[in-house]
């Protein structure tokens, strides 16, 4: 979905917005896929009632949206050839990140992981940006057969990722450099007030919504 | 004296609006959004003797007209709260604040309250005997009149600040517990904390909340909260802080008619960070609509049916 | 055996859907709207020894995602129910019906149940120890394990039909009461009845309900109901009839995962007379969506968090 | 408001419909003012959130409406010169009743009672039907000064009324013939299931929504 409005609060790739949806009490956090001027692009997967209602919204619907939430990715440590890895619903935030890194003159490699060909999306958009794009599908129906870890290049300066936990655990082991992971958690407020989405890190307790969603590889503690 | 002023246990408040503990952190997140000095006061994050991470995640579940939380009293512990949080809080909030305290033993409560008693900015101690998220913890104190009274006495012994006991609604007889606290010396009663609730994820067939159950709050619980505020306010002679599902200025007026001297706003702060600001701004018009000159005129003013 | 069939206390039901007592009268009003024989069964209007008018009006209040009622067990009394209502009911409903019984003394309950025990069409006796609307009445039985057990024993002594005790949620420990009823011989537990709630009319400053307080029901109470169904179903070895805010097929599945063998639908019948018909029609699709072949496979099937 | 839809279930004047309004749990019962073909006319006073929401509805809004609720007025006993008395919010149902009685060739007299001139409505509509119309206002700012009882004609064969309780009590005493009163009560279901709106009558307990809202003068018991 694309929204038009005041996007000035959105600073970094990897931030999210929090949408008020009629008929639901809690807001729904959605990661920013792209922002250009006053146009905000959100790509989401229908997983429950909230996202179902979103997909049923008509053109012209007005939404209450809290923007500029979360820390987002830190680009200052990207190096010259950063690697971006998006798994399924984790693909969208990689788009704005890729644009920003390319704007900084980086050589950006993107790995997009899916279960099967039908799920693949945004491959062409990333190519159009000028990224080196690799796609993996678990069943091999498109691109490289296997997981994103089967597509890791020899060389890269740093990595950024967003996706499901199993992918994170695999990447944590398989990656040779440092990197940043964007986590998902059920949130209450989305702006750090309720402690609903806390997690333990090497550097103490962090709120995914306020101190995250992006955590550095070094600070992550994997829950058993 | 404005028409919104109320006096809670001897402390003047510009208005009766109090963001409830656990929905307002220590104030800074909201101070970034609006000047929180417009509030009557706020009740800061539940504080315990030792620091706590709280419960595993997910800690939050969506419900019709409400939510379930099972944060489990995450806080850095009273020493760190005093050393690190209160100084920061002082920078953005210049009124007496309500210190919310939880514990797992009588000694815990006394220890934590004794330390907070030395803090100038702490106006009231809100003693939470009702958090439903801690196994064998707060809950048990709040479900027995004797235990609630024992906590009250222990806290009163270590502080000169007004002690407001926050009660659990998950009981058969809320009045008996409120009276026991009053007799034990409580300066006020705060209610209601959350109702114990649960949701199950139909896809995974697991409870949505990792801790299985949690505290249910939001507009859905307002009629239960109003009933208990009415029952308690008509049974005790100390001020009652009413809360539970309050999300509009009209809800505030209804709570005060039922007997509340001040009103806590909880879950609504999470879905609308401007909720308390909007409620305070909307109160005068709502009062005009219902011919209320001064909020003090309607406290407990409900007529017989 | 269809995929919706369940067996409640030895009686086969085509599906688990049971309109709750007090929201379905004796069935005729709904029989004019749809063929009520599609229901699993229904629980008819709470019946007492003597006829009752109930409480003064207004008896109804609007709430967020729910309503408060204080009807107060209006019914013609068990003799008239048997002489006049059951014959009419028989004409539009051809399955075993659930007879809901309330009383103000142990003798009341026994008297009423003994008479209903002779009625062929009565399949189950649902003994309501929880109506919150009658002063000093049903409420007190439902809030004490001993009293609830005493009622159960007295009723079991006069009937061979399965006895399902309907519990009040307005208690500290619902499990203790459910266990006491089980030990006293109850064949099943039904929960929850309404939460005690209140609203105040801001214009008149009077309670909306003439009786001041009443029973709060509707989607708002679902998380509390689900929690109690889960707690009780995991503590007793007899079937549990789950209800409280159920308004969709998904709610039914969630209740059954929590441990309900059958599911009552209450307030929703009042705002949408077709509610139970729609829920029954929507169940198969909802089951497919969540990969459920047969409802019996999911009763109590919630996994650990 | 006027609604277009299936009105076949609406049989008698004095019936009501029950509207589902977004954001409210209970339906809102509104008396039928007029019905012609598939057009239903409802006139209501904004007294709370529900009616407030109704008045804010835009043209073209679709509503779930239960129709044909309540017993309505019994015209068979009207006689030749029936008297219709509507007080404030009780005026609307008198309109369809007047139309039906006129269609039966009756001489219809209508008394409309209000507090003040600003509240007066439908006077011309009733005149256009060909009724003998009298209007009373408490403050005398329009028509006869006083209450509807101050405008009672010498002769009438029967009376029908809808309005506030004080007016009912006054009419009960002041009227020389039998008549029918349409009562208002907070309802749960509106179709007789919940016993939320019961009242005591000489002929036993009655549900305002199902056995009423119209009760005959002889069966009414006035609560103190």
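Note that the chains take the letters A, B, C and D in the order they are written out, and that residue 1 is the start of every chain.
As a working rule, contacts are C-beta pairs under 8 Å (C-beta built on N, C-alpha and C of every residue); 3 or more make two chains touch, one makes a residue touch a chain.
Owing to the predicted nature of the structure, the values given are computational and were not obtained by experimental measurement.
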Handout entry: Length of the line joining the C-alpha centres of chain A and chain D, rounded to whole Å
Key = 61
Practice task
Averaging only over C-alpha atoms, locate the centres of chain B and chain D and give their separation in whole Å.
Solution key: 47
Completion exercise
Per the C-alpha means, the centres of chain C and chain D lie apart by a whole-Å value of 36
Practice task
Could you put a whole-Å number on the gap between the CA centroids of chain B and chain C?
Solution key: 34
Handout entry: Residue list for chain C, restricted to those that touch at least two other chains
Key = 61, 63-66, 219
Exercise for the section: Quick one: label the inter-chain contact graph as line, ring, star, complete or other. Expected result: line
Exercise for the section: Check the chains against each other and report every pair that touches. Expected result: A-B, B-C, C-D
Handout entry: In the complex, chain D residues that touch chain C
Key = 20, 24-27, 50, 66, 185-189, 191-200, 205, 210, 223
Exercise for the section: Would you mind writing out the residues of chain C in touch with chain D in their complex? Expected result: 22-25, 29-30, 33, 45, 53-54, 56-67, 69, 71, 74, 208, 218-219, 267, 269-273
Fill in the blank from the handout: Touching chain C in the complex, chain B uses residues 61, 63-66, 68, 143, 170-172, 195-200, 202-207, 209-213, 216, 219-224, 226-227, 230, 245, 250, 253-254, 257-258, 290, 298, 301-305
